[in-house]
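To keep things simple, chains are lettered A, B, C and D as they appear, and every chain counts its residues starting from 1.
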Amino acid sequence: MIQKELCQIISQTEIADDIFEITVKASMVSQIKAPGQFVHIRVADALDPLLRRPISISSFNSVKGQMTMIYRRDGKGTTKLSEMKPGMELDILGPLGNGFPVEEMEIGETALLVGGGIGVPPLYELSTQLIARGIKVIHVLGFQTESAVFYEQEFLKNGETYVATVDGTYGTKGFVTDVIENLGFDAIYACGPTPMLKALERLYSDKKMFLSLEERMGCGIGACFACVCHKADDPTGFSYKKVCSDGPVFRAGEVVI
Amino acid sequence: MNRLNVELPGLNLKNPIMPASGCFGFGREYSQFYDLNELGAIMIKATTVEPRFGNPTPRVAETDAGMLNAIGLQNPGLEKVLSEELPWLSQFDVPIIANVAGSLEEDYVSVASEISKAANVHALELNISCPNVKTGGIAFGTIPEVAKRLTRKVKEVSKVPVYVKLSPNVTNIVEMARAVEEGGADGLTMINTLVGMRLDLKTGRPILANNTGGLSGPAIKPVAIRMIYEVSQAVSLPIIGMGGVQSAEDVIEYFYAGASAVAVGTANFVDPFVCPTIIEELPVLLEKLGFEHISECKGRSWKKHGELTYHRA
Amino acid sequence: MNRLNVELPGLNLKNPIMPASGCFGFGREYSQFYDLNELGAIMIKATTVEPRFGNPTPRVAETDAGMLNAIGLQNPGLEKVLSEELPWLSQFDVPIIANVAGSLEEDYVSVASEISKAANVHALELNISCPNVKTGGIAFGTIPEVAKRLTRKVKEVSKVPVYVKLSPNVTNIVEMARAVEEGGADGLTMINTLVGMRLDLKTGRPILANNTGGLSGPAIKPVAIRMIYEVSQAVSLPIIGMGGVQSAEDVIEYFYAGASAVAVGTANFVDPFVCPTIIEELPVLLEKLGFEHISECKGRSWKKHGELTYHRA
Amino acid sequence: MIQKELCQIISQTEIADDIFEITVKASMVSQIKAPGQFVHIRVADALDPLLRRPISISSFNSVKGQMTMIYRRDGKGTTKLSEMKPGMELDILGPLGNGFPVEEMEIGETALLVGGGIGVPPLYELSTQLIARGIKVIHVLGFQTESAVFYEQEFLKNGETYVATVDGTYGTKGFVTDVIENLGFDAIYACGPTPMLKALERLYSDKKMFLSLEERMGCGIGACFACVCHKADDPTGFSYKKVCSDGPVFRAGEVVI
């Protein structure tokens, strides 16, 4: 069930340039169904900014009743969020949407987790849950530049991890797709910029694949029709899916990205 | 003592608070948060004859104390609304106000005649003011004669009272209100969104795929209050006011301006519980302000003191 | 390298930032805070033939991300502006844009012909859009033919280029822009305030003694951006944009929309240093966005990529 | 000279129901010319609320470089202000306007200081400066009700002090004017609601009197013409005074209140 909760901030740290990791205490953690779900955060108990900000849950701890989000300080809202201190309360709506299906893989199979920039966070919880189920994971993480890289060590603990930076200042120079070519795997789980998702869908149409989409949102719960996309089987028709409530994770080929 | 019940054409409301059209879908999502029976009424998403996908995304953009939307009247179409949405809503004892949209006069007429037959549809809201549909749309909301004619046509076929939703994007709102009154409207709802735009700092291009969008939220409240203040003095139709309502205080301000009920739109996105919260806070605020009943607040901004119902404070 | 200098009819500006009329008086007060020579230009308070006291107080009210004002064109009158204010301003090497107002055509004409003779007045801003004066005023800003005629009359007598200030309170802003272009205007300034209102929770009455007032501030920025986007594509006149500008980012957004210069109003009340601060931050932001000169930003929101001047980023 | 300064909050306390006393460190203190001047406070480094709030300086300490304001928590701005904690910075514009002329009185004369509600604060600094100049002071302070009364003890230290409450829950029941009748004095200094100032002007037209006015403000420095009032010698004409820059203190009979 979706909850609206005032969550106490446990910690907040800048883990890379403009990249913040925030952990909150939240009873809604018990409602999380799958990795890749997100929350809708109200950063100001005032009108500035007005709307909530959608941020993925990057990991959670049911025992402690805590969840962690990783976000990039970008505009008004995330800048305000980054200024909040432990002890303060944050108005969070969640958990929202449908996450990555971990049960789609058999023990012994290999899952390729591909993340681009702020698409990387939700893959961490996914990775943890997959290995817990005896599935092998390979991580390919793409970033703009060295200073933007985060969580490489965390991912390494779970399995093989390759990093690519657009400017080549760290890891392989280029895009995640340049790295993937040489890897073997049974399925792809990806989250990142639309061009990246499009490329993956084009290059690996033969593989089982799950993609997490991003879209500007109003309500975050399926009521305002802000975040719709066309269904692949009816690309110009009336049928649609809502990224916030039907997604953000879709099976490759299900919707037009 | 019920301080909140109000009577409007076709609408016998336990309280004057209702979600605004397009900001509440057909109710399903918000029913996860609270019992929709708490609401005075529900204004459902615009319905058109055929299903509509609407505009490409991005469809929303944030502005200072407001937001822009260019959904483009996405909806499942008349048939589905009649066969699925309205029946689902009938489980609640809440009057539905059906928002009717279209590009041609016929469209409005066919939707109106059909949807007004539904048992739980107690009134229609003629959306002649959607800023986000290219064809025709605009004229209905900006040319008095056209609006009047459409209103009359729809009145002829509707089985329930017809409220016309006015666009604020006009030089003379009173003229528009008078026209639809002459057209036989039973009430008015106002305001729809102001046409606005935001550009992306990095690309220089509009954030909305549709370029322009409708501005809603607290930013437009002063414009809505002014227009309701003017219109409520010029016509004798009841007005359901909307535009940036976020709190019980805002609701009272709308009543002062001349509204008989109030709709809440954008605020639902900020706080899904905003409607029940306002309904809960209203009686307390009325008590504090010294009103027996919310109807006493109506039109205080312009009524001569003589006309004012007794005020304790 | 100067990234900010811009050329407009009658105005050779070191930078495109100027305080908006009515938000800066005649400059004296803000000269306590910084050297007015830093400004690109100054739009002085509206001037009328006779001195005006304006409306009773309260004259301002706060709204969400905005404010309402109903000053009512208070000003010392043409004679005093010519004999005291303009001479005082002449100590600064800053072009003055004189805001001209009135109730009758003759008023505008007499003020324009006289004030345009002042050496430091490099352009006029015809205020046909003040929402706070009862008589006549409104018609000038809402009826294309009337606006066109007034513009022509003023052009006949003015010694300097004439910019016409458009009101956003119209159904069709493009129609108004075209009309004043035909009337011979040299440029446009937009937007003036939206007509709005606030009511006092305790009394139920309007907060402003004038009841309604002009809405300004960030709340109206999306409406201004949209109108400039539309108008800049429809007419060939340069536009000085305004409405809620608070930062260098806002200025860039106005240029993207199609403005050639930007005025800052309400923000001066929030931060008296806002104009020099923006002027200081602009070059840095342009560098960050990859522009050599601010003029490269102009019209990016609608220009075809081919028409765009080279962009490094 | 008027300064715009980020001032550190030294302390903030609720000294009566909804009445807060806030002290800040501010170099602008050196610019204060007279009691009764005010500052214009920006309570949020955001758009909500947008405008500054005018608040009188109730006392200041040039040595410490500190000044104190006393305000009532009322609407959006003062509510936000009341939530601020010591150590935080406050954006203050000031000192503004012209205060009460203390030099208008001779040693040995008696000054009657009349304050109503939130009009009381500026009288405190005035009282202190008057006695420092050997002038006798009598204070008459009007409040709505007992719980709203503040600073009685402070004023008592400076001289005779009478309190009136509208509901009679404390001191004399009624208005300040009811108390004044029985007092002897040479001049009146008053700050409070307009009806109170009007009454004083009417009843004691024979006395030397200085009144501090209140008006809604935009700029606070004389540029926007929001706060004007007519001059008494030209009640319907064009001549005017600005409360923010010519006032807020005027000699009785100078302007129409």
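Just so we're on the same page, a contact is a pair of C-beta atoms (placed from the backbone, for glycine too) under 8 Å apart; a residue touches a chain by one contact, two chains touch by 3 or more.
Being a predicted model, the structure only gives us computed values, none of them experimental.
Graph distance from chain A to chain C, where chains that touch are one step apart, equals 1. With C-D and B-D as the two chain pairs, more C-beta contacts join C-D. Relative to chain B, the most remote chain by averaged C-alpha coordinates is D. Rounded to a whole number, the gap between the C-alpha centres of chain C and chain D is 36 angstrom.
Between chain A and chain D the centroid-to-centroid distance comes to 55 Å (mean Cα coordinates, whole Å). Chain centres here are Cα means. That of chain B falls 34 Å from that of chain C.
Chain B and chain D, compared by their mean Cα positions, are separated by 45 Å. In chain A, the residues that touch at least two other chains are 47-48. Counting partner chains per residue, chain C shows two or more touched chains at residues 63-66, 218.
Arrangement of the chains shown, judged by which pairs touch: all-to-all, with no pair of chains left without contact.
Put simply, chain A touches chain D in their complex at residues 44, 46-48.
On the chain C side of its complex with chain A, the touching residues are 64-65.
Interface of chain D with chain C (complex): residues 1-2, 4, 42, 47-52, 76, 93, 215-230, 237-238, 240, 245.
Of all residues in chain B, those touching chain C in their complex are 63-66, 68, 142, 169-172, 194-199, 201-202, 204-206, 211-212, 215, 218-223, 225-226, 229, 244, 249, 252-253, 256-257, 289, 297, 300-301, 313.
Looking at the complex, you find that chain B touches chain A at residues 22-25, 28-30, 32-33, 45, 50-54, 57-67, 69, 71, 74, 76-77, 207, 217-218, 266, 268-273.
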